[in-house]
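Below you'll find the structures, each written out as structure tokens.
After this come two complexes, each holding subunit A, first together with subunit B and then together with subunit C.
Showing the complex of A and B:
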């Protein structure tokens, strides 16, 4: 053994005699990532999300060195940062780009977890902890958006926080607590600052620790239906080095985007030009849109009439969204088939249906195909039709690929989402009427399937 | 082992006492925090509010101006017949700030394309309620006075 190796084993002995690290090293040495028929790509997305979060922490701390919250200072300090401070524009650009890429990576991570049914027992709590981090990430995005105190941020925050008033009983109290008063003011800025730089990061870091602890204790989920664990890929060094290489690639992509598009790609919901300073006594202007990951919700709010079932439109909208998000949170307990380690095509289809539902709303919020003036009834009709065709096209591709390459035969939710879009966009039904028709047809079809499956299972010799 | 009939014993009494005092302790910790989080109502200038000279200039130039009245934002506007009106500037849908569109003679919210008539009643779009109205009058010296009390639309 050379001197270097000798040194290392001496250090290891020193540490081992104090902290008993040998079991830990043995654990890491034997750690494996399962291999299966599906692509390994899906196992890297949690890592890339963590990487973008680390970039957020570093750039966030750097931004903190110049940013001053306050009505007379927030916007001014950001202006100074982006125009005067050496590479200030770059720090802000990297922070913004990394935020968007973190959300892209996180959403892809969640959808792949869902499609591969990695949430199935015994990994329910890993899903739940990830789900909470998803909610916190949206909170990061929302709270960070206000901090530059520009016009767009001011109105987007006014609309976004106003939805809280629709919460039953505690709505008014929550609204006041969130805003630090009845309206969005400098008090809101202070509260969002505290949320963005202290409260959310503390919670997030804690949850990452829990999430990773779960993953280490249980290992990554093997492919569905695999009875005996096959030979996996060694985590050290094979997987870890691939991870590192991918992170390097992510950093390169991030830096190229940040340098060449310092204010974002310029599509609504993905641009961060500082613009003008917020002024509460200015009217809202057309084209106020939240960030792209909130656009579906923004559009859904527009689709609701002022009153529905004796409640106010936004209240019903909030209720529907809460219900959908709640279903997503408890999916490990709903999916009984995956719990038995069997394929659950209905839940995959639910995921694809959800993607189409969100796609249509997002396209519509982007006013794809709009005429001038954008808000005229004729223009709204053309927007609905154009977005419907795009969504139907995407849906057709998804169905064909699933049918031919994955041999899926379960299309109820995808079908319902496409029917909804077609009835609304092509046949001119209102969004909610079309949605109600599609949802009831889907519910009837699912009920038929479930009853048929029960009957087969009850009859002797049937397969469940 | 706990008996199913659960006769009150000294132990169960002490458990109850512990539970109650734990809840009381938690309440005493959280009550101040809950109260602390909701800020006091802003003490704006109450009662009738006069438009400042700069606000008046803006009103004459754009046919509308948004001003603070008792901690609220109020839209004061002048219709084609030079009549003054005032409504709450906060859209009843999602709280954006509305504006007066002189060309169409409506009050308009850009956020979700809501339209109100000049009395604050909803014409189209998603708002569930009309905009509250304020009494406004032009004074002899040309100044504009907003009376803080609302009148129903």
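Showing the complex of A and C:
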């Protein structure tokens, strides 16, 4: 043994005598990542999300050294930071890009988990902890958006927080709590600052710890249908070094984007130029839109009439959104087939349907194909039609790929999402009417399939 | 407990009792309010009824009185009064004035004496009831009898006009209108009671104006009187957008005569040429007209800003720069100190108007200084100052300097936008661009001094600002290059680490595979 190896062994002995690290090292040495017919790439998305979060923490701490919350200082300190402080512009740019990429990575991680049914027992709580982290990440985005106290942030926050009013009974109280008063003021800024730099990070770090603990205790989910764990990939060094390579690639991409596009790609909902300071006395400028990950909800709100079923439109919309998100949260308990380690194509199709549903609303919020003036009835019709064609195109690709390469035969939710888009965008039905027709047909088709499956199972020759 | 319940009940009964105390609508008035037409539908509309229900007891009593004394006897008459939707103070004035009440009854009045919301002569008719109640005099309690005489409290059909009212011959010589209005408007003590800021010299000014002389001395029937500009019934404060003397409507009011060739026929300019009637059209297209009428800039001038109002008269040759100088003080002062002032006076040229025009002043452009086809200088100088080559050299110098500074501003502004999009600090560049823009503005104004030295003194900070901006732009570009180089170095370093990690990974995996072989 050379000197270097001898010293390492002495150090390990020293640590082991005090902290008993040998079982931990043995655990890590034998830890494996399952291999299967699907691509290994889906296993790395949790790691990239963690990487972007770490970048957020580091750049956030550096920004915090100059940022001063307050009506008279927030904007000024951000301006000073980005124009006068060496590399201040880079820190802000990396922080903003990393925030958006973290959400992209998180969404991809969530959908891959959903499609691969990695949520199935015994990993239900891993899904739930990830789901809560997703909600917290959106909270990070929303609270951080106001901190520069510029015009866009101020009015977007005013519009965004206004939504809380739609919560039945406690709406006004919640709005007051969120804003620290009836309007968006310096009180709101202080609250959002505390949320963004103390409350949410503490919660998030705690949840990451729980999420990782679950993953370490249970291991990564093996591919569906694999009953006996096969020989997987060694976590150390194979998976960990690959993870490191991917993180370095992410860092590279992050730096290139931050230098060449310091204020974002210029897409509405994905731009962060400081612009002018917020002036609460100015009227809100028209066409103000939230960040891209909230666009679908913003568009959905616009599709609801002011009053529906004796309730206010936004209230009904909030109810529908809450219902959809609740279904998404309890999927591990709903998907009984996956729980039996059997393929559950219906739930995969539900995921694809959700992607198409979100895609259409987001494209529409971007006013793709708009005429001038954007809000004219003719323009709204053209927007609906153009976005419908784009979504139908994407849907067709998804169906063909799934049909030919993955031999899927379950397209009820995808079909319902596309029917919804077609009825609304191509045949001019209102969004809600088209949605009601598509949802009713989908519900009938699902009921028919479920009944047929039960009948088959119940019959003597059926599969038990 | 029982006592609490009892006291609560008493309170509730008292509240219910007080609600029931509102007096019932008198029988006659109630009958009009609920009357139906031949088709069986109520004559009083729901909106009118809602308005009536909101009236206070005093107004209701006045309405009731009008029905009891049979001044209001018909539901449609009552409806036309309720349809006005007046605030209580104005409604009180109206209901105490039997002139208005009687002259709004279609049963009693002939069409030419009936005030209604839709008079036969259109909305501008002097019989428009809406105009009458919106009149600035009406709001202060001065109603029909204030001008027409009679007793508004009397229900007898008598007219005893005030002595200044000339009776049947009042349209032949309308000069009496001046003194009629002046009874109040030239009385400082009286006017002070209503509006202390309102001047009382309108008649004195008008007498001295060409309009006044035409009306009083020449007794020309085409000459304007007070009513020509201010209207008859429905005179509003000049700040009211509906007023005929609101800044945005003055050009229409003046144009009613001055843009009408028939009315202007026979009137001549001092040089004997016919008085033109295209001023309003020119004004609308001018930089001033567009500022006021399109952009709504109330600081922009209209007819009376240069010509005056009650003392309206042509702007004299010597007073053009004074008139323009009210707003363009810098340029007017520079012109007054220039050598051109004397030359213009010798040639009897109308100072500012000679180069810029009068009613149709268009936006100026730098090519006015050039020797090209859009030049303003060349024509006069070729005729009157051709022996002085220094003048055209100065004009060329002005033109070249302003054009260069302007081009610099445009070029560097575009550079600043590009650099800002790349995330660089462009605040210092914007500061200098502001300095440059100010210099260009001042240099353009200083052209009016027609002095090369004076112009150069003003333009020099612009040259310095342009040099500073050039340096700042170069520095910002260098910084961007440094950023790119830093990025390339970082990418190289990260790439190197990645290659090392990859090689290490391969070696470890190969080592791990070897025992298995």
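Here, the second predicted complex is superposed on the first by the 463 of 464 C-alpha atoms of A that agree within 3 Å, B and C clash if a C-alpha of one lies under 4 Å from a C-alpha of the other, contacts with A are read in each partner's own complex, and residues count from 1 in each chain.
In this section, a residue touches a chain if its C-beta (ideal position, glycine included) is under 8 Å from a C-beta of that chain, and two chains touch if they have at least 3 such contacts.
Predicted, not measured: the structure shown is a model, and the values here were computed from it.
Participant: For the three-chain model obtained by superposing on subunit A, do subunit B and subunit C clash or fit?
Facilitator: Verdict on subunit A: subunit B and subunit C fit.
Participant: For the superposed arrangement, I'd like the angle with vertex at the C-alpha centre of subunit A and ends at subunit B and subunit C, nearest 10 degrees.
Facilitator: Spelled out: centre of subunit A as vertex, angle of 40 degrees.
Participant: Considering only the touch criterion stated at the top, classify A:304 as touching first (subunit B), second (subunit C), both, or neither.
Facilitator: In the superposed model, A:304 contacts subunit B only, not subunit C.
Participant: Touch test for A:368: subunit B only (first), subunit C only (second), both, or neither?
Facilitator: In the superposition, A:368 contacts neither subunit B nor subunit C.
Participant: Taking the superposition on A as described, I'd like to know which of subunit B and subunit C A:248 touches: first, second, both or neither.
Facilitator: A:248 contacts subunit C only, not subunit B.
Participant: Of the two partner chains, subunit B (first) and subunit C (second), which one does A:285 touch, if any: first, second, both, or neither?
Facilitator: Once the two structures are laid over each other on A, A:285 reaches subunit B alone.
Participant: Could you look at A:313 and tell me whether it touches subunit B, subunit C, both or neither (first, second, both, neither)?
Facilitator: first
Participant: Once chain A of both complexes is superposed, is A:382 in touch with subunit B (first), subunit C (second), both, or neither?
Facilitator: neither
Participant: Output check: A:155 vs subunit B and subunit C. Expected answer is one of first, second, both, neither. What do you get?
Facilitator: Once the two structures are laid over each other on A, A:155 reaches subunit B alone.
Participant: When the two structures are laid over each other on chain A, which of subunit B and subunit C touches more residues of subunit A?
Facilitator: Larger number of subunit A residues touched: B.
Participant: Would you check which partner chain A:85 touches, where first means subunit B only, second means subunit C only, and both and neither mean what they say?
Facilitator: So A:85 meets neither subunit B nor subunit C here.
Participant: Does the superposition put A:339 against subunit B (first), subunit C (second), both, or neither?
Facilitator: Neither partner.
Participant: Look across subunit B and subunit C in the superposition and give the shortest C-alpha distance you find, in Å.
Facilitator: Taking the overlay as described at the top, subunit B lies 5 Å from subunit C at its nearest C-alpha.
Participant: Over in the complex, which subunit A residues touch subunit B? Could you list them?
Facilitator: Touching subunit B: residues 155, 158-159, 161-163, 173, 176-177, 180-183, 187, 280-288, 301-302, 304-307, 312-314, 375 of subunit A.
Participant: Please output the residues of subunit C touching subunit A within their complex, sorted ascending.
Facilitator: 421-425, 427, 483-484, 487, 490-491, 494-495, 497-498, 501-502, 504-505, 508-509, 512
Participant: Residues of subunit A touching subunit C in their complex?
Facilitator: 82-84, 89, 93, 234, 237-238, 241-242, 244-245, 248-249, 251-252, 255-256, 259, 262-263
Participant: If you look only at subunit B, which of its residues touch subunit A in the complex?
Facilitator: Result: residues 37-39, 41-42, 64, 66-68, 71-73, 75, 89-91, 93-99, 109-113, 122, 125-129 of subunit B touch subunit A.
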